[in-house]
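So, here's a batch of structures to check.
Here subunit A shows up in two complexes: once beside subunit B, once beside subunit C.
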Partner chain A sequence: MNRAAPDPKQNMGKPEPRLEGRLKVTGEARYASDMPVNNPAFAFLITSPVAKGQITAIDLADAKAVPGVLDIFTHENTGDLKHLKYDPQGGGGSTSIQDFGPKIQHDGQIIGMVVADTYEAAREAAYKAKFEIATEKPSAGFHSEGVKEASPKKSEPKAGDAEKAFDDAAVKFEGWYGTPTQHHNPIELFTTTVAWNNDELTVYEPSQFMYGLKNSLASKVGVKPEKVRAISHFVGGAFGSKAQLTPRTGLVALAAKRLNRPVKLVATRDQGFTIATYRAETQHKIRIGAQRDGKITSFQHQGWELTSRPDAYAVGGVEDSARLYSFGAVKTDVKNVHADRNTPGFMRSPPVVPYIYALESAMDELAYQLKMDPVELRRVNDGMKDATGKEWSSRSLMQCYDEAAAAFGWSKRNAEPGSMRDGDWLIGWGCASAVYPTHMGPAAARVQFSADGQARVQIAAHEIGTGILTVVGQIAAERLGIPVENVRVEVGDSVLPPAPVAGGSTQTASCCSVVAKACDAINARLNANGGTPAPAPRETVGTGTGRNHEETFARLGVATLEEYAEQVPKEVKPNPVMGLVVDPMKKLYSGSSMLGGGSHAEKLMYALGAEFVEVRVHRLTREIRVPRIVGAFAAGRIMNTRTARSQYMGGMIWGISSALHEATEIDPRYARYTNDNLADYIIPVNADIQQLEVILVPEKDDLVNPVGVKGIGELANVGTAAAVANAVFHATGVRVRELPIRLEKLLTA
Partner chain B sequence: MSEQNQGWSRRNFLTSTAASTMSVALLDRAAGAAPADEPKADPRSPVSLSLNVNGSTRRVALDARTTLLDALREHIGLTGSKKGCDHGQCGACTVMVDGKRVLSCLTLAAAAQGREVTTIEGLASADGTLHPMQQAFIDHDAFQCGYCTPGQIMSAVACVKEGHANSESEIREYMSGNLCRCACYPNIVDAITGAKPKMKEA
Partner chain C sequence: MQPFVYSRAEDAAAALRNGNASLPSAVESANQYLAGGTTLVDLMKLNVMRPRMVVDINALEKTAAQIELGAQGLRLGALARMSAVADSADIRKNFPVIAQSLELAASAQIRNMASLGGNVLQRTRCIYFRDTSYPNCNKRTPGSGCAALEGINRMHAVLGTSRDCIATYPGDFGQALIALDAQVEVQGQDGKRAFPFAQLHRQPGASPHIETTLKEGELITAFTIPALPFAKRSLYLKIRDRSSYEFALASAAVALDLEGDKVRDVRIALGGVATVPWRAADAEARLKGKGLDDQTLTEVANAAFAGATGHGHNDFKVELGKRTLTRALKQAAAMEIPT
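After this line comes the complex of A and B, so read on.
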């Protein structure tokens, strides 16, 4: 049996293999740094060895003496670059710290770049460039002197009198939780290649937002957007790190212009920790008041999130934690703590990974306090309305719990901590909810359909590994009534019609909706000319069987029909932070992605899931293993059970990683990252993962968008860390409230 | 104060290491070996190399410090092997040298002279038929973004050939040098389990 290709259940598409599969297994898939350019020069970045200070002198004599060096760029000769507006909502620059000096505002800030005939010469020269820096003492994190607390402009749900409800509650719980700094660390490095042709430039850079890259780079170098073409056919992992323009891109473009030669930069792994964004550390205070039957009457969630000095980036996951259950009353609050660090940004499931970890840990603690089964505690608080009275569009949380619990064998659990053993191994079982808002953005697409039953779909979407090529192919096949093999899908190029940012799990819903619209327009023209009507879409989820339109096309006197479509979800409203009312499609073309849905829609739109984890903790060494994990997820229509299962699987492993492995360590004295490489920044390897089961729970929701798809890329790594932490408590009786859970934290018990 | 300012840096360490590694490699090969008493050449000046990649001879003139990975990607035009860390920590650059898996980012191009290098581009048959491992990776959806995939597949083929694919746990252990951030590990194990009997047939 092939576990990778689950049989589709109701409202699920076939497990079609990925359209680009052959390219990826033969090495023919071209990622940005694989694109051939004519006679490239090679760049190597110079980054600051201190987190705070002022460059007082630069001596490049030794560096320039290295044979093959063409030029060296520092703050002294890069003033032509424009400052890009920073928006914490995304789009535009990844940080407002875009200068290469003289002021140094974080560890690893780019302070220079060498360009040479060879990579080896550029690297040698980069290490020979001398920068004198007047160093100042930086503030590294939450507990450092000199940090500043401020309120970011984030939504903070409130309903009822949560404080009074807490005071009146029969059962009270209060807890603190913390999550660490994390870096996306896609295996593909941050690369940029720029080639100019007179006043036009082409940028090859891995991107989650082609139109953002195009427009932002145009602003950065001061040319009109139509002079910029961005190409990124395949992205070697992104996870949020490739959605905004980082300072390196403008620098490479400037260098290529000055040298009149294509310039190629492949930043090193350690530089990747400081030249792009990351998930900032967070702290949480949770207060819950409940009745003895488990009904929660008061939920209060305060979050603190670290950020850079100038930028108020916050994920503000209270927006989601406050709505996950039918709480009686809620009160929430989010604070930024500004320190001398690079600006954080979106990382897989930005708001919910830290905030739902805190909530779902607290739920488990409350269940123990109430002597209730944690699944039953969720059931008691399950409901179709949140505390503010807003209704859910669809909600299959308890179906997920019931299916996953049955597959896991949860009923055999003895709730007493430390009660389940296998020789020297303490066994723990834990569970938690997964949740992610269903977003959707404006999108445009072009579809061509020929008399021979072949289709071509063009949309500047992003193949970051989610399977967008395949599911777009499937929706076109389904709507046009042709086999998926007959569809050619083109993505990853800014000359194609724009897709929204491949972030916030928007891509499948947004792209499939607009491609379906374009196909329907083609069908309408065919049908008006006596063509065979396409089969009803929902009966043939994700694929078609074949239609012959030769006669109809002959009547129309054309060989091919082409339709361009735009789709603006009705949920897209102008961003209140931006203030201005503009046409969302125009905004998309100019490089900003406006997302609708989630908690801001008419109804609460979310995908949900439940995860069950077994951990084994060694009695003496406290080694922690995860022998099995089961997740059940409901997310509206599933376009392709194969790619969906893989995304869930990857997400669950990300969750295990958050729980047990990942953390960027910071030297509190110097505000520098100390484990900035893949040997010391620990992510799971193959041997860390054993049994993993994904259950696809059927769900139908026609409210969310025209194709009924909820995003799934960011769902499955939410809650996992809490499930692991809850299982570790069950195994050992030790409640670890600061991630990651490493064995030293269990040694004291 | 800064790393760059110190007289002794990682860079000149690498430079001298590169030089000595190269001379060892050259002395290994009788043909083209430089006499040992010749004045030490600038390691930056191009070294002429003849590399055997996927059955073809490729002649290149490279800075002696060039890694096999950069030689393949930047000078020979085979971009299937990927750079993920350049430190031997991720496995994305895995290729075969004389039938054994090596990390091409930790191998100097000069050290590969006279050896048979096989990259992901050389795995399928000349008629385009995929190697059973490549097909198994597609069937078992053993990749998402696909960036680590060439290295995973080269390692997977080696894992089977080495005789380290006898159980799921053994596969997991012997595939743990290849990181997959999309985390397709269970599917990679299934792909290797599925391809193993077909590799014997082939």
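After this line comes the complex of A and C, so read on.
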């Protein structure tokens, strides 16, 4: 065992290395744009340089004169594409803005695409295409003229009389917080390759939802879903940006059909800022009323979220902030602000990142107001019920706090701001809670088990870097009682049985549950025919020991047994927002994702954690560094301590990035993103991350799903920004309430 | 990127034959020299620069990449790579400000590629300059206006700006050179000449598209830095948003000659805050003969930033720049100098 592969504790699986690890480190793993197609033509997008206006003329003469150009697609010759319904739940279209003109509705909207024999020719021609645009003045953000406020259909938890409880409270706190626009920037760019074979097409595109891609593209180009095959064996980062169909995909499919030749598009980094989704900026007003002992009697959370003109995308994180503690009374509200921007979408931990940042900053401010230790303030408000009386399925928040605090050395903290120093460096320590709802979706899988002890698992899951291949292999090995090396796992192809969208941290719970079910069905057939019973599922996931089934197979007269299983979690109910329900399995096959769990299940199902951060701020020049971060997390059964630690580590680093660096700058005059590249959109480099410690806190929860797994992919980047902000206050006495925390915000002090 | 002719020059004469048609310092020049390519190729891909001919001068490395330290001072060939100079033990000991300005720049990969000559000619990172979808950039399209003046300008300059351009000079090494009174050696159609590095860059004024005083086709061949014994007490302090691989919000190159508690001589240059490598001569004058007490340092910092103008998002750079200089001088005074 080593740091990357922690020893499993109770209810944790072995740190099996990633099954695809060797392929990835040797460059052999084929990502979507690496997949070979015959004689591809290459595409280059043309995007709008203005955010609002009307294309009045197009002159393609110079562009078409570039040697090698095959065709240029604009709104004038792409009318065959159908309009796809915008689906804020995932699976459908990422935006209602799907036309390539003449109306321009946001910066960087696709207005054309050149296809040529080479990438270079396509790019050269794209720069030579001339579009005349009648420009109108756009509204860029919250404070721009011409924006429209509206109420999205989001759940707004309410309990008791929060206004009165606030008025009656001995201690009152009110605060405003803001979070900026952010972009996912996965290293793998947004690529699409389409090849037609008569009336059938294959699309190679990095995807978090194979069945969504397949069905949505079929609708977009007007063919039956069975004519479309979607392939995405590996995804080079997605973080929510590859869960829905974006406008580029239909365009590439149309071009490939017209040219009767495979077409490959690799959009550029800056185009990625406007042709896909992003995390929109938010604002929050928090009001807390508390007793002198810290018990919170009133919690009120109002959120404002920016979105595009046509689409009411909202994350509505009050659903989760309202549950995190045992508040006395709760009142919440969510508003959309519509501006001339592209439609935002899922980005790692969509609801909780901004909303829990606001709550956890406010908790620290309240702790100072109460002259209480912030950990103790959480303890006073910890409890197994939320304000509405709903109970938690399991909750280990304070165990996380206590373990992380001990590892961090929190007891040595002097709470007085500015009191801790090391030479010219001011030291600050801060903490915050991490929380993420435990979701699960319907899933199907096929498992084959052979007399020679080899197994094959098929499920259209998504290897987005989370380790799904490996944990699915582990669960099959455990259930079938064979070593994990004997399991072959196939994912990322729409010919396989469907997995839910790899969003909402659902994959491990959903896929492992259904694979376990298929394995159990195989075991039942073996046992009914005199086979050695499979070992009972164990506390920890491990590789099984050999079982001799040759005689049983011989008796059955087959070499291989195959079982197909479907699993619909009992928590999958009509989504309270959409208010519709058909057979969930049918919905999944037709490309709709339905997730259950979180606050909508019978019990409150959440993974929790606590993060402690040390910041150092230079006395004079005020640059902020994070030498140390400790996070402890409890999330039910951990399938693999190696991949789990990796997820948490990535999350915490992203959290630091979110606190100090990440913000997409918008020029308010033009409603355009200006820092749309990785040089100007700053994220931490290796030198910024020094000591990082992940603590896996054991927890058992059999209620959440058959395998007892809580999703962890979106847990560890929640709360980090608040922990950093709280540490910066402790170091400097300056409370920064708008992210990111940059040195200029500390210079005036 | 647009199609171009690639020509590889085997020596300086061949380079000059191909390169003489235009001003290498002008963005729109039809002929461009290629060394490490870390600025040029980047800008060509972005369609900001569209040369018709690219003259590869890397073969000149044979004769123009030497690092020579003698009694007269230091001579650095223009094709020496940033990493090679930063790694030189002599330079690290005798001119730490040079080594630090180089190794705090860019990333290891870029430092291994980039030449010193190209480094000092690195073009601005102004977001409006680098994105051709913004029509208004006087540096890219003379007379078109400046989008940054009232735009997103957190990274822009507060010193040496004009109504036509506030783009920041992005480099670090240039500050070390200007602080140490370096000379530039160039070779052109009319032969060789040398002049102070301080005269290489032009403030934007009314013609921000012309960035240097190089004549048509001139090629930088070397930098010479006069012997400066007190450069052993020199450093480069770079303040930035993250710990590495990032441009300066403010930086200071300083060298101190101390006699007891008093400053006998001092060199100060500022980066990240100005349109060109910026020598703060007034600030130097204020410090000479004085001690490094807080009041003097305040006066020195104020002198360095007299006349600085913010444009909104970058207003903080005036205060940050002063504090950066103060900190750099204190750190330099506290240096332990190896004998």
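Going forward, the second predicted complex is superposed on the first by the 740 of 749 C-alpha atoms of A that agree within 3 Å, B and C clash if a C-alpha of one lies under 4 Å from a C-alpha of the other, contacts with A are read in each partner's own complex, and residues count from 1 in each chain.
As a working rule, a contact is a pair of C-beta atoms (placed from the backbone, for glycine too) under 8 Å apart; a residue touches a chain by one contact, two chains touch by 3 or more.
Keep in mind it's a predicted model, so treat the numbers as computed, not measured.
When subunit A is checked against subunit B and against subunit C, the one touching more of its residues turns out to be B. When the shared chain is aligned, no partner comes close enough to touch A:N215: not subunit B, not subunit C.
In the superposed model, A:A129 makes contact with subunit B only, not with subunit C.
Of the two partner chains, neither subunit B nor subunit C is touched by A:Q300.
Legend: residue contacts after superposition of the two complexes on their common chain; A:S593 is shown touching neither subunit B nor subunit C.
Once the two complexes are laid over each other on the shared chain, residue contacts for A:I682 go to subunit C alone; subunit B is not touched.
Legend: residue contacts after superposition of the two complexes on their common chain; A:L743 is shown touching subunit C, with no touch to subunit B. Applying the stated contact rule after C-alpha superposition, one finds that A:R625 touches subunit C and leaves subunit B untouched. Once chain A of one complex is fitted onto chain A of the other, the partner contacts of A:D667 are limited to subunit C, with no touch recorded for subunit B. Using the contact criterion defined above for the overlaid structures, shared-chain residue A:E120 touches subunit B and also reaches subunit C.
Taken together, the two complexes place residues 49, 120, 123-124, 127, 679, 684-688 of subunit A in contact with subunit B and also with subunit C. Looking at the complex, you find that subunit C touches subunit A at residues 1-3, 47, 125, 127-128, 131-134, 147, 150-152, 154-155, 239-246, 249-250, 316, 319-320, 323-324, 326-327.
Those residues of subunit B whose C-beta lies close enough to touch subunit A in the complex are 1-5, 9-11, 15, 42, 44, 63, 65-66, 70, 73-74, 77-87, 89-90, 92, 119-121, 123-124, 130, 134-135, 137-150, 153, 169, 171-173, 175-190, 194.
Put simply, subunit A touches subunit B in their complex at residues 2-5, 17-18, 20-31, 33-34, 36, 42, 46, 49-50, 66-68, 118-121, 123-124, 126-133, 135, 184-189, 234-239, 266, 268-269, 464-467, 642-643, 645-647, 649-650, 653-654, 657, 677-679, 683-690, 692. Of all residues in subunit A, only 47, 49, 120, 123-124, 127, 270, 424, 618, 620-623, 625, 660-661, 665-667, 669, 674-676, 679-680, 682, 684-688, 742-744, 747-748 touch subunit C in the complex they form.
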